[in-house]
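Below you'll find the structures, each written out as structure tokens.
After this come two complexes, each holding subunit A, first together with subunit B and then together with subunit C.
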Partner chain A sequence: MTLAAIILAGLILAELVALVCRRNWVHWKLGRRQTLVDDAISALADAVVAHGDVEPPQGRVNRRVLRLAALELFPVLAGSSRERLTRLAESTGLVHDVIRTLQRSPRAYARRTAADELAEIRSAEAAPALAAGLEDVDPVVRVACVRGLAWLGDLTELRRMLQVLDGDSLRAPSEAESAMLALARAAPESLVELEQSGSSRFARRLAALALATVGDKRAMPSVLGELAEENVLLSSVAVRAIERVGGEDAVASLEHVLADGSRDVSLRRQAARALERVR
Partner chain B sequence: MTELYYTLVAILAVYFFIYVAVTFVMVIVAGLVTRRRRHELLPSTLREIMRAELAPTISVCIPAYNEAAVVVDSIRSLLSLDYPRVEVVVANDGSTDTTLDVLRTEFGLEPSNRSPLGELPHQPVRGVYEPRAPISLVVVDKDNGGRADALNAAITYANGPLVLVMDADEVVSNDTLALAVRPFLADPFRTVAVGATLGLANGCRIVRGRIIETGRPRQILPLFQAVEYDRSFRVARIASSTVHAMAIVSGGFGLLRRDVVIEAGGYDVDSIGEDFDLTLRMHRFLRDRDVPYRIGQVPDALCWTLVPENSRVLHRQRRRWHRGLWQVLSKERGMLFRPRYGIIGFAAVPWAFLYELLNPVIVVVATLTIILGIVVGIIGWQLLLLIAFIAWACTVVPTLGAFLMTDSPGGTKTGWRNLGAVLAAMSAEMGYQWLTMAYRLETMLVPRRRVAWGDMERSVPPEL
Partner chain C sequence: MVVLVADDSVAVRRLLSARLRRDGHEVREAPDGYEAWQAIEAEVPDLLIVDDVLPGLSGVELVQLLRTRPAAASVRIAFLVEYDAGLRRAAEAGLPGSAVIRKPFDLDELAL
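On to the complex of A and B.
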């Protein structure tokens, strides 16, 4: 019992020391580093607006700060401003840094984040690294790379991208959904192929919904199958997808739901609203 | 006699050893799961969900009884969350204050002909109202029937395939809905319910239904409860969700598939522990029909709730919880050790029975056993100190481990108050746990005494 007490006392002491260390780390992250990031955001925003340049940052901390600042700016920019920020990311070496993380980091999370960041930056310089990332051992990295390539519009590895989506969508559903949406616009034929002959039910479903979102009528058979489901979560999403596709088939299927008294009342109500919009 | 004493000691030792061992395992599992989840969530994932064109509608169901002070801000805050499709359904549960009038005035409500979607038991509905403006809000005015009754009414008038049950005085973070809906997007075929992490609103600055600043509570009782909530939501629920043994989706924040809730019969209006009751009933309903399903916990989704700040309200709350636990376990005792109910019948329900319901009684027996040992000279003061230290350390190690391995809501920015939480964790065993134990024991000894919901008293009025 004495030994147990000594071990427990040691554990408590170790935990207290670790808690203090963690507190200091969080203090740095939310305090000083955030101030630096805010300054970097201002510098980048000024450069984007004034068509100016930003000095390449020196040192690991400054590079990290610039990277965080740029990634906060990308989602709120569009069009030419976004392109200018991408050029700045290239000229400051940020893209190069992120590519190096994707290629060399032993930690899966770092590679996932890097692939995600490259997708956000949308620099053509990243295409070869993203293509190589399709063979990563981590499925989330692979899907994030597919998304990056799809957003870039680089379809040279289309076959492999579809294989990844078919095999790994379940591990990264939101990323896969977004990649498929990009493919539904850029290469609809390939997505139809995945939707019809994919091996995973989940990937086929996502492909059908992506096609429906862009109004592709070829998604209708799958979406109608989903509409027949008793699971109201699936059928409700199907009604919305049918509404997006529109056309005569959509009207007929929505009318069918509306007339079917055995269906969920809210689904019929949703179908009625969708019908008004489709007509 | 001595033999009998040692047999009792052995039984108690096994009981507590199992508790400590399972707690340690749960902390490790929760730590690993939290780490993995943190690493799975990519920065752009939430943005994708927040702008998904086919995202399912979430109907937020709020029971409101005399909530005139907070209900409008709560609704506005919910309608402005970062999620593409939110509908708010408020069930005015026969409020005697101006709740309905305030809603009518603020949102320009008009009578609506919206019909109920299913049949769940609830008190008669006096009227249904919707705003003139295109705001996704429905107000169901009904006779008073209690929280479960009001939630049933709200669910039957909800339009979305997913219903979120929560209270009017709770606050959610901007990204909570996007985070909570992820399991439904990732596995729409099986996911039927998810819970979120409840943090304490007592230490936070809330303005017009929005969290402005998070932090640990300043008062001592809420600080102890913060530690308790951390252990429950950051450890126990995550671990039980990982092994598909989640016996309760908290009524404080539960995202549920509406069709399954309605088919399972909705909330039991006579139940005191209605959230525990519904979760177990959903397990029973789906397992009886051999339907594959998932009930889980989303640790990153945060909801902030008020907890009692004085012992009178805490007493009332704990009596209600323990009575509810007793009532539900008595009702669902048929699930115990039945192979059909799998890990729920073999682990979750027995655990709730042995380590939650009967725990106060067993602690009293253990204390009496130690006193008897001292009286007859079997236990000396050195051994007594050693036992006391081991008992204390066995609860402190996993609690500190939980602080260390999981993210603590609201605790990261305020260092000193975090230190307070650590001290509270280390001293809880010396007073607070005994206090709540006494409340629970009293519930078992005086079972006929009435338990009431009562109001949650606020030391600081909501900022407007």
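On to the complex of A and C.
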């Protein structure tokens, strides 16, 4: 009995020591990685400003570090400086690494992340891989690839992109929302077609909201229908979209919401603020 | 010119710092409102570039605090904003002479 108790206590102690060691190791690893990422951010920022180059990183850790650094910089940049960062991502092999993950990883999550990253990097080198990704077995990867191609402005596979959005939007709603927003700018006619003749109600709704968000008046009939929704989240999205489109119909519909005492108070306040801006 | 860049994003700080240093300015960086205030107390900058949703003291709070110091009356301010709400906050704060830099930005088009 005593021996069993000693062994049990020993096992518990060993487990606690292992936990503490693992925790410290993870802290050390994350801290060290963050320092490396910060240094890589500085190197890339200097290269973008100076129109310079960055040495291609050697080894798996350094490639990963450069990838993380670049992905922190992309969302902050626009215009020609962003394009220079894209060229750096190509010349350092980063784009190639991410394409390989999209093409070869057996894990759906890794392929989803790779498709998201390629959408963020916006390199023309990634277009064939993104087009192939439209046939991925995972619906989130397929929609993320639509978004990547739309942000890139590559509409070669537009017909297939619309099919993916129609069929998979409900399974990847946030990716579909941003993909449609990109298409509303790059190919508004195609989105009008989806909004009017898509087989999925959810996809048609997202298409209408995306068109309205970029101020396309053709979405107004559908968005006005959304405004009648009792679900406040949906109707508040519709208020924002109507505000973007503007015009007489927008004023009339917002006044109607404001005057309807049965509608949610926060929605009526939102409608009042939208009216101030639309009038 | 001494410039203080206050933003919780390392990427934003490094990009703006690289651009400002290229133009020959001295740059200090702060990741939150409190460190930004400490940096201001140590040395009043000529230009403060500040994120409007800075952790700790917000950008607007930091600038309002700055304006209570007579020595800092001439500091130029540029707010970094990402959304329309940020533009409204900067405008509502009624801070005269402040400029706005919208994120994402093109380094080639920034007039600093």
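Assume the second predicted complex is superposed on the first by the 248 of 279 C-alpha atoms of A that agree within 3 Å, B and C clash if a C-alpha of one lies under 4 Å from a C-alpha of the other, contacts with A are read in each partner's own complex, and residues count from 1 in each chain.
As a working rule, a contact is a pair of C-beta atoms (placed from the backbone, for glycine too) under 8 Å apart; a residue touches a chain by one contact, two chains touch by 3 or more.
All values derive from a computational prediction rather than experimental measurement.
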Kindly classify A:159 by the partners it touches after superposition: subunit B alone (first), subunit C alone (second), both, or neither?
neither
Should A:73 be classified as contacting the first partner (subunit B), the second (subunit C), both, or neither?
second
Touch check for A:104: first (subunit B), second (subunit C), both, or neither?
neither
Once the structures are superposed on A, label A:244 by its partner contacts, choosing first (subunit B), second (subunit C), both or neither.
first
State whether subunit B or subunit C is in contact with more residues of subunit A in the superposed arrangement.
B
May I ask you to decide whether A:231 touches subunit B, subunit C, both, or neither, giving the answer as first, second, both or neither?
first
Does subunit B (first) or subunit C (second) touch A:117, or do both, or does neither?
first
Check whether A:279 is in contact with subunit B, with subunit C, with both or with neither, and answer first, second, both or neither.
neither
Taking the superposition as given, does A:48 touch the first partner, subunit B, the second, subunit C, both, or neither?
second
Contacts of subunit A common to subunit B and subunit C in the A-superposed view 75
In their shared complex, subunit B is touched by residues of subunit A numbered 1-2, 4-5, 8-9, 11-12, 15-16, 18-19, 22-23, 26-27, 30, 71, 75, 108-109, 112-113, 116-117, 119-120, 140, 144, 170, 172-175, 177-178, 209, 212-213, 230-237, 240-241, 244, 264-266, 269-270
Touching subunit A in the complex, subunit C uses residues 9-12, 14-15, 17-19, 22, 103-109
The residues of subunit B that touch subunit A in their complex are 38-40, 42-45, 47-49, 52-54, 56-57, 115-118, 158-162, 182, 184-186, 188-189, 257-259, 383, 386-387, 389-390, 393-394, 396-397, 400-401, 403-404, 412-413, 415, 418, 422
Provide the residue numbers of subunit A that touch subunit C in the complex, in ascending order.
38, 41-42, 45-46, 48-50, 72-73, 75-82
